[in-house]
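Here the chain labels run A, B, C and D in written order, and each chain numbers its own residues starting at 1.
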Amino acid sequence: MDLTDLKAAVCEANLDTVRTGLVMATFGNASGIDRNSGLVAIKPSGVPYDTMSPQDMVTVRLDGALVDNHYKPSSDLDTHLLLYRAFDGIGSVVHTHSTFATIFAQAMVPIPCFGTTHADYFRGTVPVTRHLTETEIRDSYVASTGQAIIDSFTDLDPMEIPAALVAGHGPFVWGRTPAEAAMNAHILEECARMAWYSMQLRPDLQSLPTALRDRHFLRKHGQAATYGQEEPA
Amino acid sequence: MDLTDLKAAVCEANLDTVRTGLVMATFGNASGIDRNSGLVAIKPSGVPYDTMSPQDMVTVRLDGALVDNHYKPSSDLDTHLLLYRAFDGIGSVVHTHSTFATIFAQAMVPIPCFGTTHADYFRGTVPVTRHLTETEIRDSYVASTGQAIIDSFTDLDPMEIPAALVAGHGPFVWGRTPAEAAMNAHILEECARMAWYSMQLRPDLQSLPTALRDRHFLRKHGQAATYGQEEPA
Amino acid sequence: MDLTDLKAAVCEANLDTVRTGLVMATFGNASGIDRNSGLVAIKPSGVPYDTMSPQDMVTVRLDGALVDNHYKPSSDLDTHLLLYRAFDGIGSVVHTHSTFATIFAQAMVPIPCFGTTHADYFRGTVPVTRHLTETEIRDSYVASTGQAIIDSFTDLDPMEIPAALVAGHGPFVWGRTPAEAAMNAHILEECARMAWYSMQLRPDLQSLPTALRDRHFLRKHGQAATYGQEEPA
Amino acid sequence: MDLTDLKAAVCEANLDTVRTGLVMATFGNASGIDRNSGLVAIKPSGVPYDTMSPQDMVTVRLDGALVDNHYKPSSDLDTHLLLYRAFDGIGSVVHTHSTFATIFAQAMVPIPCFGTTHADYFRGTVPVTRHLTETEIRDSYVASTGQAIIDSFTDLDPMEIPAALVAGHGPFVWGRTPAEAAMNAHILEECARMAWYSMQLRPDLQSLPTALRDRHFLRKHGQAATYGQEEPA
């Protein structure tokens, strides 16, 4: 993907989070990476969504060096970069303050897999990070946020659970492409909403049986996926 | 109804579920049957709603044999076919992941008839299916989902309760026509929403008295219906 | 107000309930009365809102006799007529199944006056009717619904509390004009919503102090009203 | 800022509260002050939002004297004036009955800082005022409302917590400009919504750690702010 296409896809993912109601004001940010060149395109900091265009996206290298500098990059840049360096398979990161995912993040409650809507996109519970230490907050807040996400995936596959809730903050979501990451952010919000209401309706509710969960996840993901119109050649 | 009209009505029912907010992404599917020819038209699998047109609907026979094969049919096809074979009076099936109906399905809580809004369309509690066995999930997931719905109607009339909640998954709804099935799906979601809030407001709430429930159901359904402008000849 | 104007105002009140999200499908109905002629205009039964026009409104006398008969009147006509006969000051009745007012009606919980939003329009708790007897449901359902509303106002002034919740059914709301009744229905829904969430947040919440409640109600209603631009001459 | 610009900015802030869903009917009001001239522009009382234009804004002096008198000013004028006199740094006041902020006001529950969304705009708990006495309600209701807000800031900095909940009534929000005050009202509503759901999900939830709260507040406010594109010269 050349840089022009990457910026267009990243801009579109940013705008998609607005269209699906996941962000208000200037909250949230989406980025994408071209793994060949190692270039990352990311939303600029604090720029209004209604006038945002692909050329406003800021380009940086994977080590954080600015490639162009018309705008300052999103203040969450370092979190994105740590995720790209730690999770090889991902091509995009989307951060929102979407209402229900943020509620779980604030309450530090992981989102269990209660139904097939969740299982179609997330193969199990979406984790919450630990709280950062005061030192981390003072000295390396944004990078430590990324590290806390990575720490919460020690026993999880980020390609199977493409999201984490940052304690007290909100969701970071990823995918192979900006469009997929934005879609995952949208689905996560709906799953969080349904989980909240399910837990109130039945406080003793257990996660979906593993067989049913995997039946749904695997029909949409991996070698044996059968959903949709794209046939293996 | 000829095949062109059937496909148009089925496409419209699919789009109606989007307009009324019952589906997001590519979730959900609607089908319809022409009882004379035995042909079923159903949404294709994983095709975006915003470019969907009547000719995209996939035609199959009641035994599942494909009549045309431009697209793959919805992955839930076998569930629809079992319902058409078991419930003689129905002409359409609509499946959604609409928020509140799915919440009850996830929590495996049937939706009681708490008010006349519910009673106008559903003559009693909307049931939840049993969970499928691991063998059913592995060997015949979609057909077994249909069978579980049918099993939950042993003592119920599917023309009086035109919906079931599949445990851990979401609602399947039906009607005599695609328009009616889509309407029933819309009403079910609103009744599920109101039931959830009613149960929180008053955890000991009982179902509507039978006399009041039947007064409402029967004024809109059956021989003695009086609602609306259509007079018996 | 001549009949043409009355029908236009009643049609507008019906459409207003759709615009403000209080009705779905063909639920709900609004009527208005010209007290000079004794003529009532009301929504026809089961007619879609999106093609509704003033000339579709059905005209009846206060005793229920049809004046024109292009359409059948709303199936709730008799409830409206009883209210006009019992409550001299009202010029319009609006019935909806709006979500939160219906939730309180289903749960048979009156809506307390918890805040000034409520007090600006309703001088105290909005009552719930008794349940009808089986005989009433069978023999005179719609008229008995009106009578149950009237019975719940034995100690209340319908000009100060312009709404009642019919048990298991939904709200009936009124006002001096169709526009005012539609507005009251809209405000009632928002007050019901806020009451529901307030009661969950603080189960022991008490009604607003009487002095504050009356300060708000009386600045908008009665001889000494000061709100808005209309100055006494 | 000259008077024409002030009226335009105040009108826009009023309309913004409608666009962001914070007000219904004629509820709510926004004002702004030009600190050089001491002139305040405020929404007229009870005028519909859909025809409101900048020249409809009413101009008064800080002591309440009317400068122009085409319309009566908002009935909440005296509350606004007290806030301008007590809080030197503010340039605009916005009052709404937005759903969740009003729910906390009705329940007299302060809104804790549970997450970074809140901390980005409010450096701690948003307070609730005391209830007014019957004498205050009778003799000086609107001014006493302002005084109760001021009393709740004895130990708080109004530039760090730019909002208060008036008990039984709703939120008053402020900012340096009308646009900022309207934005703060919008953010407050979203924070109140998320707080409500967070408290139900986890009744024992504590406020955000102070270090994390201040990290977020101070990156957007004060001398050392780093967020957005405006660089210190």
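Some notes on this structure:
Methods note: a residue touches a chain if its C-beta (ideal position, glycine included) is under 8 Å from a C-beta of that chain, and two chains touch if they have at least 3 such contacts.
Source: prediction; values computed, not measured.
Placing every chain at the mean of its C-alpha atoms, the farthest one from chain A is found to be C. Because chain B and chain C share one sequence, their contact can be compared position by position; here under half of the interface residue numbers appear on both sides.
Note on chain A versus chain D: their Cα superposition corresponds to a rotation of 90 degrees, in steps of 5. With each centre defined as the average position of its C-alpha atoms, the distance from chain C to chain D rounds to 33 Å. Mean C-alpha position of chain B lies 47 Å from that of chain D.
Shared interface positions of chain B, i.e. residues touching 2 or more other chains, are given as 200. By the document's touch criterion, interfaces exist between A-B, A-D, B-C, C-D.
Listing the residues of chain D that touch chain A in their complex gives 114-117, 183, 186-187, 190, 193-194, 197-198, 200-202, 205, 208-209, 211-212, 215, 219, 226-229.
Chain A meets chain D in the complex at residues 24-27, 44-47, 71-72, 75, 97, 99-100, 102-109, 131-132, 134, 137-138, 141, 168-170, 196, 199-200.
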